[in-house]
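Note that chain A is present in both complexes that follow, paired respectively with chain B and with chain C.
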Partner chain A sequence: MSVSNKKGLDYWLPKLVVSPTVAITVIFFYGFVIWTAVLSFTKSRILPQYEFVGFDQYVRLFLNDRWMGALTNLLVFGVLFIAICMIVGLIMAVLLDQNIRAEGALRTIYLYPMALSFIVTGTVWKWLLNPTVGIERFIRSLGWDSFTFDWIIDPNMAIYTIVIAGVWQASGFVMAIFLAGLRGIDTSIIKAAQLDGASLFSVYTRIIIPSMRPVFFSAFIMLAHIAIKSFDLIIALTGGGPGNSTDVPAIFMYQFSFQRGQLGMGAASAIIMLMTVLAILVPYLYSELRTPKNG
Partner chain B sequence: MAKTTDPRYSPITGRAILYGVLIVIALYYLMPLALMVVTSLRSMDEIRLGQLIEWPDAITFEAWKIAWNEAQIGARDELGLRPYFINSIIMVIPSVAISTLLGALNGYVLSFWKFRGSELFFAALLLGCFLPFQAILLPQSQLLGWLGLTGTIPGLVLTHVVYGVSFTTLFFRNYYVNLPHELIKAAKLDGAGFWMIFFRIILPLSAPILVVTVIWQFTQIWNDFLFGVVFSDPDSQPVTVGLNNLVNSATGEKRYNVDMAGAIIAALPTILVYVLAGKYFVRGLTAGSVKG
Partner chain C sequence: MAELNIDNVYKSFGETHILKGINLSIQDGEFVILVGPSGCGKSTLLNCIAGLEEVTDGRIVIGKDDVTHAAPKDRDIAMVFQSYALYPNMNVRKNIAFGLEIRKMPKEEIDAEVHRVAKLLQIEPLLDRKPSQLSGGQRQRVAMGRALARRPKTYLFDEPLSNLDAKLRVEMRTEMKKLHQRLGTTIVYVTHDQIEAMTLADRIAVMKGGVVQQFGTPQEVYDDPANIFVAGFMGSPSMNFLNCEVTESGGNYAVQVDSEGRIFQLPIDPKQADLSQYLGKTVILGIRPEQITHVMPHVEAEPFVTKVPVKIEVTEPTGADTLVLARINDQECECRVHPTEAGKPGEMMEMLFNMSKAVFFDPETEERL
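Showing the complex of A and B:
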C-alpha cells in the first residue's frame, strides 16, 4: 500500500502543486480577459450589466475624439520613445564596450533610473521641466534671457516631455540588454575582420550590430510593452494635460472606467490595448517558442 | 568578456573624448537625483529666491520631516507619507514571499516533473508577463468586491501575487532547466520524493535565482501605481499613490523641497536594493526581457 501510494503521490503531487497557478492562469488571466471582452459588448455604465449591444461601445470609442487623440499620442510617444531609447541605448552600450576602466560604475549610473517608480521620475521631471522654476529659469538666470523651454505647458509639445522623461528612465535598460548582447558575440570573428583591415566602425556596423538582431527584437518588445502600458509616468508628469494633450489609452481606460462610469467603453478601450500588445507579441512569441534552444 | 585591446584603435585623444562623452552622459543621468537631494535639503525661502542648481546656504531637514509626517495629504487624518510607506511595506512583504514561493514550486515542477500539458500550461502562463493590466482591472475590482477585499491591503496582496506569478515562474523555470537533470534522476532512483528533492537538492542550488526574483518582485510591487490607485482606499494606499497625492494635492504655494523629499522617501527602498544588489537587479531585467 505504502509503496504504490508513494508512486501515486509523486504522480499527483506535481499537478497539485501547480494547480493554484493553473487556476490563476485560467481565472485571472484568460477568464478575466474574456470577462472584460464580454463587458465591452454590453451597455454597462457605472455598474456592470449584461444587456448586449454588439459593437456599439467600439463604435462610440472610435467616434470619441479623446480616444482618437489618446491613440495618436500613444503612437507619437511610442515611436519616439522606442526609437530614441534604442539609439541612445545602443550608443551607450558600444561606448561602454571599449574596455572602459570604470565600466561597472558607469553602468550602475546609467541604469539606476530603472529602479525608480515612474511616479518618482514624473515628479522630478515635472519640476525640472516647469518653466517658472526649472531648467528654463535656470538658463535665463545665466544670462540667456529669451531662452524658452516650456513644452510641458504647451499642448502641442507636452507629449515630447513624456518622451524625455521616459527615455531618461528606460534607455539605461536598453543599454544593459545591448551590452549583454555585445558580450555574447564570438570575438574570433571580430579579430579576423580586424586582421583583414576592417575599421572599428565597420566592424560594428557590418558584423556586430547585424548579428544582434534577436537582441534588438527583444528590446523592441519590452519598450513597446512599456509604452502601451504607460500610465504612471504621464499621470505624475502632466496628468494627461494640458487639456487632453498627453492623454493615452491607459489613462483613458482608467478615467472612463473608474471615474466617469463608462464601464462598457472602458472595457472596449482595454480590449483594444490588449489587441495592440498581442499584435506585436504573437509573431515574436511564435518565433521564440519555435527555436528549440528555448524549448 | 575577452575583448580586443589593439592599441591601434585607442589613441590617447580618442580615449579622452570617449571618457568625456561617457562622463557627460553619466552626469545627465545623475542630475535629476542630485537636484532632488539638494533641493530636499533647502528651505522654501531659499528656493523662492534662489536657483534650480544651487548649493544650499543652510542644510535643513525640515522638508524631510514635513514629507514624512507633517504634510496634509488628501483628506486623511494621519499626516505625511509615513502611513503610505507603512502600507507599502505591509503589502510588499507577503506579495513578494508568496509569489516567489509559487514561482519556485512552479519552476521546479515545470523543469523536473513535467506532465502531459505542462508545456502548454507554461506557454499559457507567459501571457501574464505581457498582459496589459487594463484588460483585467474591471473583473479584478468586481472580484475583490465579492471577496470583501476592496480597498484593503490583502486585496492588493492578492492582486500582486496573481499578476506576479508569471514572472516568478519564468525566472525559476529558466534557471532550473539549466541544472543537470542527472542529479534529479539519480535522486529519484534512490527513492527521494518530490519534496525531498525540492528541499534537499533544488532549493540549496536556488540562491542566485531566488535573489533575482525577490529583487524583481520587490521593485515591481513597490513601484506599482496602477493597482494601488485602482484597488486601494486612502487607508490602504501604497507610497506611490501617497507621493502622487502629496505632489498634486497641495493647495497654495508649491513646496518643491517637500515634493523632492517625498520622492526620495518613496524611491529609497528600491534605490537601496539597486545599490546593494545591482548585479541581480540587472540579471532580472535582462532575464525578463531576453527570455520573456
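Showing the complex of A and C:
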C-alpha cells in the first residue's frame, strides 16, 4: 500500500465521519430557519406558497391582540421566572455551600426536577393546582374550609401558576450553576475577608456574589431562552387557558401555523422569537469570546 | 507591635494530629520563619495564630492578650496568602480599603492610608485596576498593601512568594526584608523553601510532623542542627551523611573513612562532639559539601583538615562552584570545588576534609551528639 494512499484515508476519514451530522444540521436546522424566514415574507396560509408580500405578515402580527397578549404574558412570565429562579437558586446554593453533611445527596435531589420533561412537570402541577383535587382540597380537608387557591382557573392569575411550575423545575439547575461558581472562589479570599473583619453576610454580599457576575450572566442566558421558548410546560399545565390568558409566543406560533392555517404569520412570529433569543445570545457570545483577552 | 507566644498548642482533626505541642516565643519586631516539608503543620500553625482554625489545646498570646478563642478580626493581625486572595470584584484601591471600611474608618483617613501604602509599595499607578489585570508580582504587592493598611500588631505570611517565578521571587525576597527593616513589626512567615528561610529570618523554626525540631537563628540552624532532619533540610546542596566508625588516634577521636579501599582517619574537633561513648561504634558524620574542597595550601595546614583522594563519579557545574559526587565508605558524598580544579568522572582527585564544622548524629535516634 502506498504512503500517499494511507495519508488520503487519514485525511478523509474524519471529514467522512462528521459529514452526516453537518449535513443534518445544515439542512434541518439552518435550512429550515431560512425557509421559515422566507415563508414569513409570503402570503402563505394553510400551505406554503411563494407570493412575497414584504413585511405584511409582521404588520398583521403586531396588530393582532392575541400576539400582544402573548408578548405581555411572556414578559410577566419571563421576568418573574428568571428573577425567582435566580433568587431561589442563589439562596439554595449559598446554604448548600456551608460545608453541610449529605451535600451530594441534597444536590441531587434539588437537581432532579431538571431531569423531568416539562410535560411531566406541567401535568403534575396541573393536578396539584387543580382546586378540586390538589392543594386547595388538601388544605380544606385539614379543616381550613375557606382556603382558596384557584389561580389555575383564574384568567388573571393563571400565568403565575406557570411561574410556580417553571421555578420548581429550573431553580435546582440554577442552584447547581451558582454552587459551581461559589466553589470556584478561592477559599483564602473568604479567610482574608474574615481577617479584614467582614461578617459572613458581608463576605457574600460584598465579595463573593459580586465576583460571580459571569455566573449570573450564564444563568440569566439559560433561563431567558427557556422562558422565550417555553411551550410544553404551558401546554401541559394550562393549555394556554383559561381562554387565552396564558398564551405565549410559542403557543401562538404553533396554533397560527398549524391549526389556523396562518403559516405566514406563524412564521413571522417564529422569526420574532428567534430574533429575541439572538438579541440575548449574541451579546453573551460576544462577551464570552472576548473575555480571554482581558485575562 | 507585640510579642507572640505560642504555648503548648495542639491541633487535631479527629484522629489526625497535626500539631503536637508547639511552643514558640516570638519577640516584638522579630521576623520568624516556619519552615518544613509539606504536611509538617506549618500552615496549620499559621492558621491557628490567625484564628482561622481553633486550637485543640494550648494558648496563643499576642502582646498581653490571650487570643486563643478570639475571632480573627479581634486579634489585630494581617495575613498575606499564597494565592494572594485579592477580592476579584474590587479594584486595587477597594481591596486595600476594604478592611478599613469594615472597621468604619472615616473616608478621608482611608484615602490617606491607601495612598500611604500605595506609595510605600510603589503601586500607585495600579490603584484603579482589577486584580485580573495585574501580573503575579503586582498582585503580591497589592496583597501586602492590604495587610499593611490596617497597621496590625503582627503580620502572617503564608508562602507569599511561591507563586512567583524564580527571578521575581529573589527580588521580592529582598524587598520583603527591606520592608521588615523599615516597619520593624513582628512577622511570622511560612515557607517550604529553606533558602527563603535562611535569607529572610531573624529566627527559623524548623518543623516536621507537627513538632518544632529546632528554633534558632539561621546560622545556628545551619551550623548547629539539632538532628539529622534539620541538618538535611537546611542548606542546598544538602549536608552529606556518612556512616563512619569512631576510632582513636594520637589521643584524639577520629572517624574512619574508606576511599577506594584505602583507609583514612579524620580527626574530630573535641569542641564539636564528645564521642568517648561511641569508640568502636558507628556514628553518622554530617559534613557540608563546602567543607570538602580541592587542595588549598592555606587550608591544608589547619587542624582537623585531612587530605583524602576520592574517585569522582559525577560532576555538576553550577557556575560559581562545581559539585563533585564522590564515593566514601561506599556512600555518595558531595564535594564543592572550584570549577577549574574539578576533575573528570572516573578520575581520582584529592580532597580536603575540613572537620572543624563537622557534626555527628546517633544512627539510632538521629539526634545530634
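Just so we're on the same page, the second predicted complex is superposed on the first by the 288 of 295 C-alpha atoms of A that agree within 3 Å, B and C clash if a C-alpha of one lies under 4 Å from a C-alpha of the other, contacts with A are read in each partner's own complex, and residues count from 1 in each chain.
In this text, a contact is a pair of C-beta atoms (placed from the backbone, for glycine too) under 8 Å apart; a residue touches a chain by one contact, two chains touch by 3 or more.
These numbers were taken from a predicted model, which means no experiment stands behind them.
J.: Overlaying the two complexes on chain A, which is it for chain B and chain C: clash or fit?
T.: Overlaying the two structures gives chain B and chain C room side by side.
J.: Does the superposition put A:S202 against chain B (first), chain C (second), both, or neither?
T.: In the superposition, A:S202 contacts chain C only.
J.: Identify which of chain B and chain C touches the larger number of residues of chain A.
T.: Looking at chain B versus chain C, the one contacting more residues of chain A is B.
J.: Examine A:D186 and indicate which partner it touches, taking first as chain B and second as chain C; both and neither are also allowed.
T.: In the superposition, A:D186 contacts chain C only.
J.: Which holds for A:V59: it touches chain B only (first), chain C only (second), both, or neither?
T.: In the superposition, A:V59 contacts neither chain B nor chain C.
J.: One more residue to check, A:S211. First (chain B), second (chain C), both or neither?
T.: Only chain C is touched by A:S211; chain B is not.
J.: Quick one: classify A:L96 as touching chain B (first), chain C (second), both or neither.
T.: Only chain B; A:L96 stays clear of chain C.
J.: For A:A176, select first, second, both or neither according to whether it touches chain B, chain C, the two together, or no partner.
T.: first
J.: For A:Q194 in the superposed arrangement: first (chain B), second (chain C), both or neither?
T.: In the superposition, A:Q194 contacts both chain B and chain C.
J.: Working from the superposed arrangement, determine the closest approach of chain B to chain C, counting only CA atoms, in whole Å.
T.: 6
J.: Based on the A-chain superposition described above, do chain B and chain C contact any of the same residues on chain A, and if so which?
T.: In chain A, residues 191, 194, 294 are touched by chain B and also by chain C.
J.: So in the complex, which bits of chain B are touching chain A?
T.: Chain B residues touching chain A: 1-6, 9-10, 18-19, 21-22, 25-26, 28-30, 32-33, 35-36, 39, 47, 51-53, 102, 105-106, 108-110, 113, 115, 118, 121, 123-128, 130-142, 162-163, 165, 169, 193-195, 219, 222-226, 229-230, 240, 243-244, 247-248, 254, 256, 259-260, 262-263, 266-267, 270-271, 273-275, 278, 281-282, 285-286, 288-292.
J.: So in the complex, which bits of chain A are touching chain B?
T.: 6, 9-10, 13-15, 17-18, 20-22, 24-25, 28-33, 35-36, 39, 48, 92, 95-100, 106-121, 123-128, 133-135, 137-138, 141, 168, 172-173, 176-177, 180, 183, 187, 190-191, 194, 200, 215, 218-219, 221-222, 225, 228-229, 231-232, 235-236, 239, 249-250, 253-254, 257-258, 263, 266-267, 269-271, 273-274, 277, 281, 285, 289, 294
J.: Under the stated contact criterion, what part of chain C meets chain A in this complex?
T.: Per the stated touch rule, the residues are 47, 50-52, 71-73, 77-79, 81-83, 85-90, 98-99, 102-103, 132-133, 146, 150, 158.
J.: For chain A, which residues are in contact with chain C within the complex?
T.: The contact residues of chain A facing chain C are 186, 188-189, 191-198, 202, 206-207, 210-211, 213, 294-295.
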